[in-house]
Structure formats: C-alpha cells, structure tokens
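Should a chain be cited, it is by its letter among A, B and C, assigned in written order, with residues numbered from 1 in that chain.
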C-alpha cells in the first residue's frame, strides 16, 4: 500500500531529470513518450515505493510534478490545480 | 515506437493532488520561459514553501524584481509584483516599503542585476539595514542576454564577453553584503531545497536587510560554455561540492570554477532597521511634534 | 472622464503670506498637493526643494529619503507611488539625464509622479549656479521609445507653488510623469508667495479602482483612456512591468499589443492637449508680432513687449505655462492669421522649433541665449522690431 501519490502535469515538463534523480525511493523514470514540446516527461515506475515526501515537487523547476501522502486532506480535494490545457496525468482512475 | 503515458500509469487511489506552489502561480502564464534544467523554478518552489510555513499574510507581501532571467519571477507569482528596471529593484522596493511599512517586501533578482548595475543600491540598502528580503539567484552569468561575464563569474570561466577566459576576480557576495551591513546572510544552492525554504522563512522573521544567495545552474549558457554538463549534472555537482559551514567567516566563502561551494547561514545578527532608527531619531529631535505615518494611502 | 476633486489636506498647507524663493515654494506646493514622499539626490540649484521637504515632512506626516544617486531616487519615488503615496523628486540637468530611464518607466507603467528640473547651464556639468532653459526638448524626448509627458513652466515663486499643485493634479488625472521645468532664477528668486487656506486648494485624488479583486485588470481602460490604479497591499495581486504588456499587466511582446499600448499612452495626453495646454495671452487679436516665451524669460520678454508697445507697435504676448503638450492649435491659429512670432529662450533654440514646425508660412524669429544669465530686454526688443519690419512687407 503506497504512502504517496504522484501527479504529473506533462505539458509543463522539460525533462530536466531532477525529479528522477532526487526521488529518494527511485519511483520515477523518464518515459519514452513525448509531450507536445518534444520532451520526455517522467512516469511512475515504482508507485508502491512512493512515500509522498514531495521532493520531486520541490525540485521540479517547471512546477510539473508533485506528490502527496494518500491520507492527507488534499487527496479528497477536487481538481483545482489543473492547468488550462488539461494535460495533467494522474495516477489512477482516468 | 514510444510508449503512451496511459499505458505506463499504474492504478492508485483516485483524486488529484495540489502542488503547494500552484496557489502562488499565475497559472495562465505557465509553462514559463526558463530553460530545461534552469534552477530558478526550483527556487520558486522553496519560496512558496517558505510562504506557507511562515503563514505570512499574502496580501501584505510585495515582490520586486529587476531585469534578467530571475527577474521574470515577478511575472509568474500571484502576488503584488513589480518587474522594474535593470539593477533598480532595491530602490523601488525601498520606496514601496517606506510608503507602506506594513508591506513585506521581497526583492527577487539575479546576480548581474543585483551586484553589477545594482551594486550601488545593494550596498546602500544593506548599510541602511532596510527591512528588505533579497533573494539573489546567482547563476554566475548574465543569462538572459546570452551569457556574458558578471561580477560573480568565477575566474577562468568562458563567457561570451570573455571568450578566452575571465581574468577578473569575482565578487564574494556574502562578504560584500556582510561588510555593507546586512543582518542575515546565507548561501545555498538549488540542490538545497529544504534549506532554501528554511532560510527564506528565517529572512521573513528577521527585521532588517536579509540576503540569500542561491547558486543555480544556467545549463544553456554558463554550464555549456564551460563544459560543465546540463542542469542535472550541475545539481549533482552542487550535492558533491557543497560544504555546509554555518557561521563561516564570509571572507572564506568565495567561489571558484570547480572548487568547493561553501553554503550555510553565515550571518544572523541584530541591529535596528532603517525605519526604527528613523523613528527613534525623529522622536528624540522632535518629541511630540513628530507625526509618524503608518501608511500613506492616498485615496 | 473628469477626475474627482478634493480639497487639500490642511496638515500640508502652510496658509499665509510668505516671502520665499521658488525652490521653497515648490516644496510647499508639493505638500499642499498631498505629496508625502520624496526621494532625492543633491544637485544645485534644486537641492533646497528637498531640504525643505526633509525638514517639513516629519511634522506633517511623510517620508523623505536621500538616495545614493538619481538613478535610485527616480525609481524609489515610483515604489512609493505604488505603495500609496503621491511622490516626487527634484534635480537639475545632469541628474535629469540620469533619471531618463525611469521617466520612461513611469510613462510605460503609468505611474503618476512629478519630476522637478530646476534647469541650469549645460551641457554636462555646465553652470551649476546659473540659469538656462536648455532641458526643454529633453523633458519631452529624453527617454527612449514613444511616450508622452506633460511639462509645466512656472515663472515666479508664486507659480512654483500654484503650478506644483497643478503638476500633481495632472499626474493623477492622466497617470503620467509630469516634468516641472523651473530654472535657476525662478528657483532662487525670493518673492511674495500667498498660500491660501486648504479648503481653497483643489487636489485630484489617486485614480483608484472601485472594482473587486476578481474583476480588476490593472491596464484595462473601460472606455476611458486612463486605467484605474491599485496599490500594493490591498489584495489585488496585480503585476506591473516595463515590458510591453496587455490589460492584465502581463508581458505580451507582440506588434499588436505594442501598437495598442503605445498609441494609447500617446493619445491619452494628445486627445486632451487643448485642456492640458495652459498659457497666458495678452493683446493677441490685433497683434502683428506675437512674442512667445516661458519661465523666467517671459518676465524679461514682458519688458521688451512693453517697450515695443510704447513705440506704437501691436505686439501680442503668449506665455506658455504648459510647454508639453505644446499648444499646437493655438499657434496654428495665430499663424493662419498671418502673425509673426518672436521666441526668446535661454537656449540655442528648442521650443522655438515647435513654433517653426507648426507655423508654416508664418515667420519665426528665435532669440537664442546660451545660458548663464537672462536676456537683456533690449536684445529681445531688437528682434521684435525686426520682426515688425518684416510684417509690414
């Protein structure tokens, strides 16, 4: 049962690699998919290891990723932080 | 053939998460113009977390920037924000603060803007101990205009205006602002995301001139010309080469091209800020005739 | 949309009859107008304006800060404006040159403020203690890019008081930097200055928005040409930039946005030019020769006009109180009636070029002076007589 959940706004990502490198649990890797600017956004490869520490969010210079703990109130919020082009990819249920 | 992202996603609990920085962004202007691997956005995350942690009243927060890549921060944050002229964020911020002392005024600008063209204003504001929080993102170059030499560019670096190598000594900014009179001086790198946030929070709680230097990659120009890799390589370099020395004498924290980066909180002292000195002086000289104006809102 | 009016805050009004010089009167005018913030840097012959302000404001309720240079002073005052104050600075030629970038910033961001230039001999260090009127074109064109400003020229210490109030009022009405073009003689001459009771002084308040935080757009003009303002700290969370921007205040660097913005910055002044252009006229209708002048030169010119009229000539007087926007329609009208212009200035020909530009076939005689003193009335008279001779042909 993972403790955290990652949310990625793929259209903002510029594939700098900070989140992949600095995730302490190595949850992420750059995917081979492209966003519309031609960058490879990250994807979650070890979701079970995510602790929700949000170091990925703290490092991301493009505000393209964040993580939170699954039993936090944020988990029950409705989508307020979506970017305008609706390219937020969330783990689960889409 | 590339994988589709849907295929790669793993099913977890439903519901979106809120990025703490999002409430402070003008989302209609994101994606921003900063390059892949640039560290400025990372500093903004730490800034956002400091705002949340310190529970500062956002209505009374004003952000002033100058010209340059870091200067663009003002345009991306959802605060009363002023993108002023090159080097003059500090005097603009001074006017803002003096007209409305209730404002918390942050100056968010780059190394060239603050220490070259803005150098005079930097030292005088520190001398006066004006209650300003200065966040200086130092990418060791004039990035926006194409990577020219800045007063902070380390010796022997290659830049567009020193194509054969910089031969001037560079400024040691913590040393400079400490000597000028700053009461809070710290340096971190963009690798130190938690420490940056903590330092910014401390600066908010400090009365007087606070200066936080944040070393940041400029992968497109500085790092590329000096064959130092990309943004990620630079972050790993910061991780490896940073030596935390809280309280280190600022004379010892100068930067070089490939040497250690001394980080930490170097100066945290107390002395009366400009406005309290002003009030004290006027009370002493004028007694009851002195009229203190808390804010000058003209209708 | 005409601005609301208020009367002056009595705390800043030194009601009474005074014997003071132009610099001091200018400071009192600023206080009467409601200014409670100045940032300055010392430069002869302007320094007394802020020295007086520094000694007055702590008992009125305001702030003066002497900054480290004019580059700082010229933008510190703008920070104060966005913090809620009416603000100004004072300088002379060399400092005025340093302030040019920030005059452009004020024009671009539509920051209402006043820049006082007590003109002295130039160029460069020139004649620090002696008069000239050689910054007049610089006042209009000194910063880069297309923008408009308003410039006023007092010719007495009394006008230094009255017109400083006018300068602040125009700044607030049009959200524009106003250049207050004094000269060393007007600044340092001591005359009677009557300061009326506060309730007889009209001041224009800040054009502050009444819109809610959600509806407010910092640079939307709602059918008017001047946007409404908000201050930092009120919850509007607006953005101000010197980059070409749209109605949200966001940088929008396209030719279309540039065209829309810069033309509006121009038209908000030009469309109101007839209302802004103040002048004093005398016996223009029958005049053959019109003597145009401003500032201290207008007082010398008056003597020359009197002498010429004593010789039986029909001489009209047009004294510019507003130098910019230039009273084009007025000059064009006089030129169309076949009048000849004589224009003495304490420079080698600056505002006279505006008359030449507009006057068409009408003849214009400049009476230049390199500065350092004022004209002799006889020198102006000589040219008036020459102009009158040309007229009869």
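A few notes on this one:
Keep in mind that, in the parts below, a residue touches a chain if its C-beta (ideal position, glycine included) is under 8 Å from a C-beta of that chain, and two chains touch if they have at least 3 such contacts.
Keep in mind it's a predicted model, so treat the numbers as computed, not measured.
Chain centres here are means of the Cα atoms, and by that rule the chain farthest away from subunit B is C.
Relative to the centroid of every protein C-alpha atom shown, the closest chain centre, again from C-alpha atoms, is found for B. Subunit A and subunit B, compared by their mean Cα positions, are separated by 26 Å. Centre-to-centre, using mean CA coordinates, subunit B is 38 Å away from subunit C. Between subunit A and subunit C, the centres computed from C-alpha atoms are 57 Å apart. By the touch criterion given at the top, residues 11, 34, 36-37, 39, 58-63, 65, 67-69, 71-73, 75-87, 101-102, 105, 205-206, 208, 231-243, 250-251 of subunit C touch subunit B in their complex.
Within the complex formed with subunit A, the subunit B residues making contact are 2-6, 8-22, 25, 27-28, 30-32, 34-42, 44-46, 49, 190, 193-194, 197, 230-232, 235-236.
Residue ranges on subunit A touching subunit B, taken from their complex, read 2, 5-7, 10-12, 14-18, 21-22, 31-34, 37, 39, 41, 43-45, 47, 54-55, 57-63, 65-68, 70, 74-84, 88-94.
Residues of subunit B touching subunit C in their complex: 26, 29, 58-60, 62, 64, 74-75, 78-85, 87-88, 91-100, 102-103, 120-121, 124, 278, 282, 286, 289-293, 295-299.
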